[in-house]
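You will see chain A twice below: alongside chain B first, and alongside chain C after that.
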Partner chain A sequence: MDIEAVKQRAGPREFSPKDDLPEEYRKAATRMIQFHANSEIMGAYLERPFIRQAPSLDRKLAFSAKVQDEIGHGQLLYRAAESLGIKSREQMLDELAEGEGKFLNCFHYPMESWAEVPMIAFFVDGAAMRRQATLKRTSWEPYAHAMDKVCFEEGFHVKHGEDIMRELATGSKREQEMLQDAFDEWWPRIIQFFGPTDDKSTHHDFSADVGLKTMTNDELRNAFLNAYVPKAEKYGLEIPDEPRIRDNGDGTYEVVEEDLDWEEFFTIAKNDSPGSHEQIGKRERTQEAVEWVRESLDDWERASAGANATPEAAD
Partner chain B sequence: MAAEEAESTEQAERTGLGMPDDLSDDEREAVETLLYRLADDELVIAERYTEWQVRAPTLESDLALANIAQDEFGHARLWYDLLEDFGATEADLIFERDPADFRHATLAELPFEDGDWADAIVRSYLYDEAEALRLEALDGTAYPRIADRVGKVLGEEDYHREHAQNWLERLAADEQGLARLQDAVDRLLPAALALWEPVDEDVEARIDDLGIRTDSLDSMREQWFDRVLPFLRALGLDTPEGVREDPESFLPDHRGRDGDHTDDWPDLHDEMTRTYRELGRTEAHEIMPDPDEAE
Partner chain C sequence: MIWEVFRQEDAGEYHTHCGNVHAPDREMAKLFAQIQHGRRKPTNSLWVAPKEEIGEVDTEDAKFGGTTDKSYRWVMGYKDLDAAFAEEVADSESEQEEADEAKRARGGDD
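Moving on to the complex of A and B:
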């Protein structure tokens, strides 16, 4: 199939490993899914400390399960990316630890207090839900298939995130203030979740033409604002003055793009902000520390190859 | 055992203990002591397992250990909930409790070096073999509230042991893996002996006499040695010479059960309660259905 044929046929779940697809498509899809998978992993670095710091046993359990789900999503997505035949999972994981793998802007910032938890677990996950729901109709079938499970679980995460936020928003004055501070800090980053405005986005046109993306950044961002500005207000949060949000008067909102710091965004996109170095360094160190186990597993697998010994519980 | 005690044991097994409100002070103390042992072990060991989330050697091993951590948290929740029968709240039991009042064995609280996956595997192996034994000893408990919940917990333990055993076999097949395992065994086996230590000799004896537990700590320790020592040796690992004959002399300085913990425990407790304190909370909010209603 050549690229024109791909564009002709492009539609929801249209292409699978059975199709002979041009490299350009496979590379674009790999880049997109790898970014998504990397983000699942890197988000977990921000959230893991809050399993320990959760203020009740139930929250602890739910939060541990959430972090686990995100790793599970990473696993599914790497599989969907691998099926394009461009990179192996190992390659993608190596790239991530080496600082070449790209991931979501929000996960390049540190997260220090529980009041910040709903910024990820409600707003960022809510934003992710929006985007992921549209990806159930992406043209790479294994990606769309992964989205079915991811969206199902993500729905629970967002509910849990909302509940954490509700608890803080209806808690003591102190809790409410901490929540507002966290919101002030995270709000611009959350809006940038959807990436630059369409005329600055480099990859959109092709991805849209071959059916990988089904909505533009601007459409997604506006849909998110329409749903989440009222939710934030419902919990008593004040929307920061900047970036300016235009109320269109018909229940829809739009962000004034030049109020956002795109220089910071593009520095992050190059994995080059201080937070990027910090988060990628964590990944690098923790992966390096368990390299010996992977070596040991390789030996074990070589030794038992053909010996029919695959203990199942040990994965 | 004195004849009088034997008779009371028989009676307890025959008639059983009552519901929480019916217990005498002595009975209640025995039940609570046993529950603290169980709940604190589960909570604290799970807390250490969660340090592996997003840091395990592979995505698959990450998911598997997270499952085990959540099982243990879930068990802690079941046992703390039974302590709440006596009027305590979760805040009293976890967030506002003096770290020195926790009764978990030292094995659960010990920190580990970054990347020391052998620690996670050996720790869970030693713990889960002990866990299986003590749950079996609760299967015929005289205390109905525990009896209701043992089955659920036991059902999840087979997987934990299988997980640990399979990983032990894999790692032991490789020279570097074996050396790492040996270090972990050297360090953790003595700490695991604390699992069988009494909180208080008299109360432990009463737990046995009342039939709350149908096997004594000493007897369970023997059975644990029967399972653990040959298994480790068959993998090519050394176990401390004479540990079985004289476990006392191998015990760690801090045993945990008696409230004497390593310095790492107050630090861990401090982190666990950080948000609770930072937010100025006075209660821990439950968000899941009560275990009695969830059954």
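Moving on to the complex of A and C:
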């Protein structure tokens, strides 16, 4: 199939590993799914320390279940990416460890207090869910299938995140202040989750033409604001003055894009902020510490496959 | 030799198990699967896999989802929070409710 034929046929769940797809499509889909998979893993690593810091047994249980889900989502997505035949899972994990793998902007910032938890667990997960729901209609079938399972599970994450936020918002004055401070700090990053405005986005046109993406950055961001600005207000959070949010008066909102720090965003996109180095380094060290587990799995696989077996290439 | 057969009704959907066939090799298995399982029911694609290549774990061997109360990892555990503010959260909630009801109907635990 050539690229014109791909554009002609592009539609929800239209292409699967048995289609002969041009490299341009397979590379674009790999880039997008690998980014998504990396983000699941890096998000889980960022949140993991808070399993220990959870203020109650309930929270600890729910939070560890959630982190476990996210790692699972990463695994599902590496499989969906691998099935494009461009990169193996091992290669993608190596790239992440070596600081070449890209991931979501929000996971490049350190997280220090429990009051920051709902910023990820409610707002960032909510933003992710908004985007993921549209990806159920992506043209790469294995990606859409992964989204079915991810979206099924993710509702719990968002509600659990909201529950933590409600607890803080209705807690002591100190807790309310901590929540507001966290919100002030995270709000611009959360809005940048959806990437730059459409006319600055480098990859959108092609991805949309071949059905990988079904909505633009701006559409997704606006849909997110429409649902989540009222939520923030409901819990008594004050929306920071900057970036300016335009209330269109009909239940819809828009952000003034130039109020956001795009230089910071693009530094992060290159894995080059102080937080990027810290998060990537943390994960790399954890990976090394459990290298022996992967090695023993590989040894076991080789031993049980016997001497004649040839290693299977990524499909 | 027995081959398990999985049918996909439409492009983009899941291949789900629909039965099995006797066949001496993979090519014949694909042919027999077409005739037995793809002839009447809507079919976009069939997979065949040798029965002995399939591993199984069932309720005899495992307690799927564990043995303790895990309501904390279901949206229903947060029922007093409204999910309707975002369509995708509400969708996830109803999918989970359905799965939970199906489990309960079978007498399973979560």
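Quick note on the criterion: the second predicted complex is superposed on the first by the 305 of 315 C-alpha atoms of A that agree within 3 Å, B and C clash if a C-alpha of one lies under 4 Å from a C-alpha of the other, contacts with A are read in each partner's own complex, and residues count from 1 in each chain.
The rule is short, and it goes like this: a residue touches a chain if its C-beta (ideal position, glycine included) is under 8 Å from a C-beta of that chain, and two chains touch if they have at least 3 such contacts.
Quick caveat: nothing in here was measured; it's all calculated off a predicted structure.
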Touching partner for A:230 - first (chain B), second (chain C), both, neither: second
Touched partner set for A:163, first chain B, second chain C, both or neither: both
Chain B versus chain C as contact partner of A:141, first or second or both or neither: second
Touched partner set for A:62, first chain B, second chain C, both or neither: both
If touched residues of chain A are counted for chain B and for chain C, the larger one: B
First, second, both or neither for A:3, with chain B first and chain C second: neither
Which of chain B and chain C A:14 touches, first, second, both or neither: second
Which superposed partner A:154 touches (first chain B, second chain C, both, neither): second
Footprint overlap on chain A, comparing chain B with chain C: 58, 61-62, 65, 163
Residues of chain A touching chain C in the complex: 12-14, 16, 58, 61-62, 65-66, 69, 126, 129-130, 132-133, 141, 144-145, 151-156, 158-160, 162-163, 166, 227-228, 230-231
Residues of chain C that touch chain A when the two form their complex: 11-14, 70, 72-75, 77-78, 81, 83, 85-89, 91-93, 95-96, 99
Interface residues, chain A side, partner chain B - complex: 41, 44-45, 48, 50-62, 64-65, 67-68, 71-72, 74-75, 78, 113-115, 163, 167-168, 171-172, 174-175, 178, 285-286, 288-297, 299-300, 303-304, 311-315
Touching residues on chain B, where the partner in the complex is chain A: 43, 47, 50, 53-64, 66-67, 69-70, 73-74, 76-77, 80, 90, 94-95, 114-117, 159, 162-163, 166-167, 169-171, 173-174, 176-177, 180, 271-272, 274-276, 278-281, 284-288
